[in-house]
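Next come two complexes built around chain A: one with chain B, the other with chain C.
Let's turn to the complex of A and B:
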């Protein structure tokens, strides 16, 4: 039994990701982006104690630094010169721009680590089969073949090594050639086998009628509640974006980074939107501690 | 068939015209444009694909090829950036036609990312590999794919374009203005990887494309599958 954020209907979860990614791209303001990144990191921590994020952290840090360093180098729009290096001016505006892009990028990447935790491949295939039923069937078959072929490849490699064909030593050219030979063997081997699978599918009546589907995910009343809530928050997000309260104006004149008036309200609803997993999961944590 | 081909070609043409004349618009509306781009390229073929009645043998063969394309990275994990996935897609597309090439390419990207983890690059990978297969399939019966030299050139170009488009997702997340300077900078970072990818495509196509296509054609004849796409 799934609990917490994971137990919502896949459509609701997909909508959450679409809205948050769109929001990350629209809200180009350091305060909003920093708040978003911190919330997403917190979501990661509450979902799996940051295990998945840990795997990606070097890539995220590298890309963020890369963007942060190189944007001011190429972006030559601005009024306030910070310093000059190799007869190239570095503008404060460009540095802020670089920081915002780096924040957006790391926010999106960190969000995708939660995507990989929440939208497991069965949910992904469920969503896919709603839009492209036939393609989803091919994907399901292929996904099952992956571990099978991996095993077969290991077998093929063992057998060929006995004959002296291996990828362990020799020149790069020979290694690559031998590796491709294994794939070649795997192809003929698996295609012959696949015909059997296909014939067994036909024997069970594949293609005679319209394919029926097993509904693994039921739409519950809490999904309605979540959907309404998501739509409301995304409407607020959109209004905030339209009113320009959530975007930092860089040109022609740099705006103050401090939030004023309505901006605080939009910040609150933005954090509320991103942290939906936190308080659905947090409820479970509190319940667990209470009953214990 | 001609209809869907036409729609796809027009979609690609519009996208590249936009890219050339309104780079600013594209950068500012990353999400909208990339979604439109993917729809313009993939949707006509996917619609045709889901309408077409396929035998179970054809379906399973496509699944096998997609899985092989995905799994073929495994024995090459020790050799950096040498992976025959692109070769598998191109060679299969030449034998089985554009439709199958597209499905094999896009599926291979999807399932290998399901194992390795999805990211903002997934749709780009699907489009890249899908298009590599689709175009190879389109040109299968022309002199382009019949002559080994042109086939090798195609593999080489695909290797580089794949790398460039894969670098684009960083761009479209808002990396400054899309100028030639930033484009070059981003791609010099990955030049060696792209070169290795292009050269390994050439290497595999040169040594194995003949036998691979022959094997698949033999299967087509033996089991009577994929007869109409040629």
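Let's turn to the complex of A and C:
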């Protein structure tokens, strides 16, 4: 898709993830967290119809339940005892705490399922190379060698199997021995061949001067707009957190879960922040449907 | 303008008593298309590598190389890296990045181009080469020809004045090789890039180059225009000539003529002036009793359930004691067929019979397999260790191995590491190893790839000796000329099916496109149709040779 959330500069996208995850960890309030989780599920739905989330759903549910059940078991702080089991008190505060941790966790995991869709491997490599250019180059060379090694090993196996040296049948000891032999051949052979790769690199001027970097992603005016918007919302998030309006006080006395006054405003800006992909992608969906 | 100049260049590798290059003097002018040729070990690669400063060849060098009149040492390293571009032999090993776009950018990033420059230049080159569809692909998914084009493009992006190529088509199939050569011609004609290429596949190059330099034992034998080079080569390096010229030489015997034909059109012209009849007695082939060794019936194979079948309803019979060639384009399933016979893959449908008996898989011990890359065959440090291990495995005595080693003249090489052998020696060494196992069938996978013409002949005679010991040989190849010369029968594979299997001569005589140069020359002419120079020599009778009028 040419437009939509994915078309923003990788830096902006990375910033979005950092802010939302930070927000999820700061806003320990059931209402805020539930709103966040629902928004993130919506984000998933609009990005890929929830395909990626679907793959992870059992994992997420299991982890959330695990945390939700075990937190009240170990957390013994609170005033309101719900019930007692095996001479152990279960406090309402601890149950709420458990729910909030579970919500935070599932929110972060659900958000991460979109990470692969939004920040694809080449965008990730681009970001990586911005921070660690040398390591990124090594990583890219390694990425090239993976399929090459796999193919060579398959070739070696074929040729040696025809000679009667095999990793497939025989005693375990023999199989292991042959396998080691194959790896040894693979390495010797690959080292030989890598000399040519090194020649080809230096023939194209590698190491003569500082490398420049190709900017695969240009900074557009929309990226500025989005960046300013993101920073504004994150500032609001920060103020909300500082003012304690967005955190549920558990001790010394449990606060009411109902939102009051300014809290509503912060909730609005919080939802607005998380659902940025929904606005940007949704615009495209509407446009395409409209023009059809 | 003199672009590159070598004066009194000598070079010796460390720990070597012989000079690799002796007194090299030659000049390359702007816009030249120079071909360096000569047998393996003649110093081609050394010379070519010396022209590229960054490769930093180890050894002692005397003499000077000048670029634009200034010695290499006084040039800025970056200017040299930019102006002199180099493409190597192996398409795979030159590629550094995992995706095509990054590979194209690699050189430009090294030399500090800005993003805007890189964008513009890639856009231009992608358009010029027409590989828009490859840009987002992984480099490991490309064919050999495509890989070599990417390598070329990646070098061209640096705006070289001179392009140096070290046997760039040796690993490509004939079609891809031809396309690559014409691409070079296009660069030379349209962009004026000077080209220096080392190569022993000269057929196309004679009509593309404007100068041929022949090296022998580290010395320049001559450096002439293609026409002159042709008559000089005719004296004692006929194997390097195009078949058309070989045919001419076989029948005229006149040397030093300025007009030896080197392509089909010219040779046809020359034949018009000839009166040739065929020598009937030679035509009759002795009919050999057929004894099928291996029969494949209605073989179907696909790599997975949902992919297109690679082999489809394939039937093939291999006769005992024959040398069968399997020909066909890329991706027609040639290598897959070999793997099925070898038992490395199992066909989903179909039957295999060995000596008339139905088998599920042929016993591995009966099959010898010479891989495309013989380096992969060796597991031990020296040949001696390898052979000893194989002998114990197959229960062979030391003396039996000794006889084989002697027969293939490998005595002197027994203590060497396999990787220190030359390409030809390596193949011989692997063959000895295979023959220790006493195979009944020998499978060869593209054996002539990257061989120089002289070694091809030697290899053919080695295989003939193996064949005379009663081993049946099956070869997968692209090399039409080689197959026509040496093989008993040919099969054509097309879309996963053997569409025809015939005796070599009959096979090539019928074909119009997939055939030898000699057949294309003699087909539909007044002279008897032949397939190889040897056949012409044996079967043609010349009534009178009219003075050639080309």
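As a convention for this text, the second predicted complex is superposed on the first by the 241 of 292 C-alpha atoms of A that agree within 3 Å, B and C clash if a C-alpha of one lies under 4 Å from a C-alpha of the other, contacts with A are read in each partner's own complex, and residues count from 1 in each chain.
Definition applied: a contact is a pair of C-beta atoms (placed from the backbone, for glycine too) under 8 Å apart; a residue touches a chain by one contact, two chains touch by 3 or more.
Small disclaimer: the values here were computed from a predicted structure and weren't measured.
Partner contacting the larger number of chain A residues, of chain B and chain C: B. In the superposition on chain A, A:183 contacts chain B only, with no contact to chain C. When the two structures are aligned on the shared chain, A:197 is found in touch with chain B and with chain C.
Using the contact criterion defined above for the overlaid structures, shared-chain residue A:206 touches chain B and also reaches chain C.
Residue contacts after overlaying the shared chain place A:143 against chain B and chain C alike. In the superposed model, A:62 makes contact with neither chain B nor chain C.
By the touch criterion stated above, A:161 is placed in contact with chain C alone, chain B being left untouched. Residue contacts after overlaying the shared chain place A:124 against chain B, while chain C stays out of touching range.
Once chain A of one complex is fitted onto chain A of the other, the partner contacts of A:214 are limited to chain C, with no touch recorded for chain B. Of the residues of chain A, those at positions 141, 143, 146, 188, 194, 197, 199, 201-202, 206-207 touch chain B in one of the two structures and chain C in the other.
Chain A meets chain C in the complex at residues 122, 140-141, 143-144, 146-148, 151-152, 155-156, 158-165, 181, 185, 188-189, 192-194, 196-197, 199-215. Within the complex formed with chain A, the chain B residues making contact are 30-31, 46, 49-50, 53-57, 59-64, 66-68, 70-72, 74-76, 78-79, 82, 84, 87-88, 103, 107-108, 110-111, 114-115, 117-120, 170, 173-177, 179, 181-182, 185, 189, 200, 203-204, 207-208, 211-212, 215, 219, 223. The part of chain C that touches chain A in the complex is made up of residues 52, 54-56, 77-78, 81-82, 85-86, 88, 90, 92-99, 102, 105-115, 118, 138-140, 151, 154-155, 158, 339, 342, 344, 364-365, 367-369, 371, 373, 375-379, 390, 393, 419, 433, 437. Partner chain B is touched in their complex by these residues of chain A: 21-22, 25, 28, 55-56, 63, 66-67, 70-71, 74-75, 97-98, 100-101, 104-105, 108-109, 112-113, 115-116, 119, 121, 124, 132-135, 137-139, 141-143, 145-146, 149-150, 153, 157, 167, 172-173, 175-177, 179-180, 182-184, 186-188, 190-191, 194-195, 197-199, 201-202, 206-207.
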